[in-house]
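Note that chain A is present in both complexes that follow, paired respectively with chain B and with chain C.
On to the complex of A and B.
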């Protein structure tokens, strides 16, 4: 198929999108965790991520080049339509959370006195343009920024490792275990990009399931490393900061290069744009396939308007924003759309396929 | 679509340049150094700020008074004082360029954490700004007259950074100080600065020890005698000068590659070992007989070890027994290794510290005896 993205490009999209969530990690959003527990939670999150990705991974392994909605369409056209719209709503909701979270980050540590509405509006406009261009240009951009991101991460770690003292990281306490599990669960449920692959399976060249496994492993290692360095450098100060990893980047010094957070912030804005564009692209794919109409630009624009409306609604005041970010809707949605629906629909698809094969034989 | 993308590029190029969103540089009060003092009536903020209206011309021959200006404002809180500053200077303060934050002794003695809350919260301040305590008031340091072309902020920042190589002071970034203050067992520390008159009747900013804080209180000041041990034990110096007395002659050594490892005893969590390893160069010995033989070098090495061990032991005894301060993170080590025991001792940690036993080991090697030939005697 033309315009397919390679495994490496897919890895870069997943990497860039998911790492943004780590950078904008907020202390005490879901639970109060000390640095040591946060590192353990990353390990537990790795297990949860693998487990929760199994249905998607199995689908990608078995039906590598068939979009999920096409497979569901074999079971029932009507069901495929409903499922597509539901998934589109889920991805748009995830995009609203991404933008709102980024808005909170930007408004808290970057530009407190300036309204972010205009910036978010233009960011979404760029996203619409990206979606219009297709997945291939988005993937190419992701590759460039994945490399830049990786270098900036190395620079932050190298620029702070000298100040890192592992005694600043307390061990886990028994009473923290429920919080660790909660944090790991919430974190695993932010892997929205994994169910999104169901809808772009036909646009991926190579084995997508192995890419997902590599991505989860790499992401977990990098997150654990970042949390270890942050805990070791910032100590209790990190627990006081709303965005501890941003604080870590602000104290990093790499040779004569100081104030790395300014450089990183620019990169993170592009990451936020890429993630939103990716979610918007997948949502528009869902709508396009379920409505069977070639009105992609219109879908995308409507999606962007919905995201912007959601952002305006949820960023009105901090309690509303925090309520959105703490909500169980995203984890609940993740369980339904990444685990339950793929299992149920895939089983139905397999049953239907067997039935059709039987009928053909007769 | 091409039209849209071109339009988008044009629009993005102009964002942030509108009159409402931007602030001209001349409207900014570019703060170089901040001093915080307090008394019963509230906080007094002294800032050294660049005189942006005068520093615009390249090759300016303005005196420091012309390059920088000192503003002072009072308020019920730091934020209130800074807002007063805005009124006095008619410029919007820019904190991110500040090179140093100095807190007056009275502020340091009265819950410094609350005085620093503004700097922890405000997004334009730097997390890694070096913090110091003034021996008297911060205002005295900020307003010091160092002479032509010398800015207090630059001199102070350089002085604090020089501690790594001269062992006279220490550079403590804000995040590190606050992190230690927040920890329930750790002692936080800050360099102490003072202003003295030199022979030319000009002010000079000097290091005057290290202030120790326990439980958000200014507890003690380390003097020259105990400060060396503190710097060695905390890995806070890269190199320093060590003078030893050998056969009634003074020998000067440069101590380098100082690495200290603190470990908790496996059997008894109230016993710690502090092992200092270092390398030495003999840079001077004022003897009439210039020859040093292998035996002399061995003796000098032993004397150096002995002296560094003594420094560290004196510091540990003073901080643990006299001040009740944990400067080496003993509490954190116990917390990480023996959490149950930590729960018991953390309630009355100061009295626990008095019973802590430390075993200091100093291991060194003389790598460069100098350019003189070694005697074969």
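On to the complex of A and C.
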């Protein structure tokens, strides 16, 4: 099939999209955890992520080059339509959370002088342009920025490692264990990119399931490393910051470059944009296969308008909204769309296959 | 519709005179060889008259022993060494040969004619390329005459695998276009794809490489192009040796090659003639030059207006003092000064060389020095413009997209600061990544075409 993306490109787009969550990690919205517990939570999150990804991985292994909706469509066209719209709503919802969260980040540290709504509007405009260009350019751009991102992270770590002290990282306290599990669960539920693979399976060259495993491992390692350095450098001061990793980058000094947070902010903007564009792309793919023909041509624009409307709705009280959405709605959505539905469908496929085998034997 | 050659030479003569509208340069000569009577036609100034009269006309002074209806066949079969000849049977073919610089013979009772090709016209000698200077490379550049250019390529690729196909393109101009490729290296599908696109191309006139680009490129929406051009035969030969396909157009001192990748802009022939570590340094410099030429003014505006904390304190104060004395906001100042720079550049390019120097002096002294002294422009902004101008000269091949993108980045940086710069950078990246000339991504990092084609990474 033409216009496919390679495994390396897929890895980069997943990595860049997911790392935005770590960058804009908000300590005040999470369950109260100390630096040491946060690192352990990252390890537990790795296990949860692997476990929660199993249904998608099983599906990808079984139906590597068939999109989820096409596979459902074989069983029932109507069901495929309903599932498509539901998934589109889920991905648009995830994009709204991304934008809202980014809006808070931008409003706090980035564009105090410019209207935030205008910034989000322009961001969505560029996202729509990206989606219209297709997944391939998006993935290639992700590769370019993944390399820049990696160098930036190395620069931040190298710029702060001198001030890192393990004394600032306290051990785990007994009463923190439930919170660690809770935190790990919430973090694992933010792997929205994994169920998104169900809808772009046809556009992936190579084995997507191995890429997912590599992505989860690499992301967990990088996150753990960043939290370790942040904890070691900032100590308890980091827990009082809205964005501890942003504060970490502001502490970093690399030669004469003292204000690395501004440079990193630029890269974080790119991550936010790529993630929103990716989610919008997947949502538009879902809508394209489910909606009526006349609406097909402008499904991306409709998606963008919905995201902007969602952002306007939620931007009044962003911290409360994010807490509400992230704590309840996103995990619930993740369980339904990334775990339950793929499991049900996987079992249906297995059953159908066995039935066919039985018929062949007879 | 094809018009057949008439059996009477005089009728053919009248027909040609009618077709060329009694043009003064269409000339006829009557040649008698005993009982056989020939009418020769040619366009004055297009063919080598001296050569033709010595090699073709003079031997015909002796009577030919043949029947009148075989006059043309006999003439064709007589051995005239070193002359390209062709037998044609329609007036349209005759016209094409005349335009190409042939001497055409008609004879009574013959419905065919024979054309002896010996074109000659004023042509520029092979000279040093003007737009692609090399330190250690060859000093030969393409000329306007396609056959000279073909020779320059043949001299560098002495192999029968170098295939050169001649095609006529242009309804009015009938320009010769040569499709060049190395048969053992170029992908057959790629050659076929280009051949098919050329066969469908129907421009009225082909006066430059730009006339053919729209027919070869899938989409012209992007700032960058998947089709490259070069003035250097050695660069062109290097591209062919990598399996790319080239086009030589008659009357154009630039050859096209395709597909072109982004990394090609960062390479120069000199890189292959120096040590690898130095070549690597040069390529890094070119990439930095590209980024500076495109993004620096926008970034400067964004940093000074929205994120001054990014600058070291001393520099920040110096810039703040300098821009506080100017009447315009920094963003507007950047737009104005870059606009003026583009005007000066365009004027320097189009003016006669002698006046061009005056333009440079006026540009540097009046606009530069006087404007700063008068407090109209801040000195740091002038330094940024100078740096941008010098950097853009590192990669002259993509001056057009760089100039446009520079304005876009200034606008984005002035309106939204670093946020706007990053948004524009992503949009430009997406636009570049979307270019896939001939099924190989424009941004592929792999230098050789064969490896890029087989790569699983892309």
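We take it that the second predicted complex is superposed on the first by the 329 of 362 C-alpha atoms of A that agree within 3 Å, B and C clash if a C-alpha of one lies under 4 Å from a C-alpha of the other, contacts with A are read in each partner's own complex, and residues count from 1 in each chain.
Keep this in mind: a contact is a pair of C-beta atoms (placed from the backbone, for glycine too) under 8 Å apart; a residue touches a chain by one contact, two chains touch by 3 or more.
Given the structure is predicted, the values throughout are model-derived calculations rather than measurements.
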Partner chain in contact with A:167 - chain B first, chain C second, else both or neither: first
Which superposed partner A:235 touches (first chain B, second chain C, both, neither): first
Contacts of A:331 with chain B and chain C, given as first, second, both or neither: neither
Partner chain in contact with A:134 - chain B first, chain C second, else both or neither: second
Partner chain in contact with A:251 - chain B first, chain C second, else both or neither: first
Which of chain B and chain C A:126 touches, first, second, both or neither: both
Residues of chain A at both interfaces, chain B in one complex, chain C in the other: 110, 114, 118-119, 122, 126, 129
Residues of chain C defined as touching chain A within the complex: 306-307, 309-310, 312, 415-423, 425-427, 429-431, 433-434, 436, 441, 443, 456-458
Complex contact set, residues of chain A against chain B: 108-110, 112, 114, 118-119, 122, 125-126, 129, 132, 163, 165, 167-171, 173, 233-240, 247, 250-251, 253
Touching residues on chain B, where the partner in the complex is chain A: 1, 4-5, 8, 11-12, 15, 21, 120, 123, 126-128, 173, 175-176, 178-180, 182-183, 329, 332-333, 335-337, 339
Residue ranges of chain A touching chain C (in the complex, touch as defined): 6-9, 106, 110-111, 113-114, 118-119, 122-123, 126, 129-130, 133-134, 136-138, 140-141, 144-145, 205-206, 256, 258-259, 262-263, 265-267, 269-270, 273-274
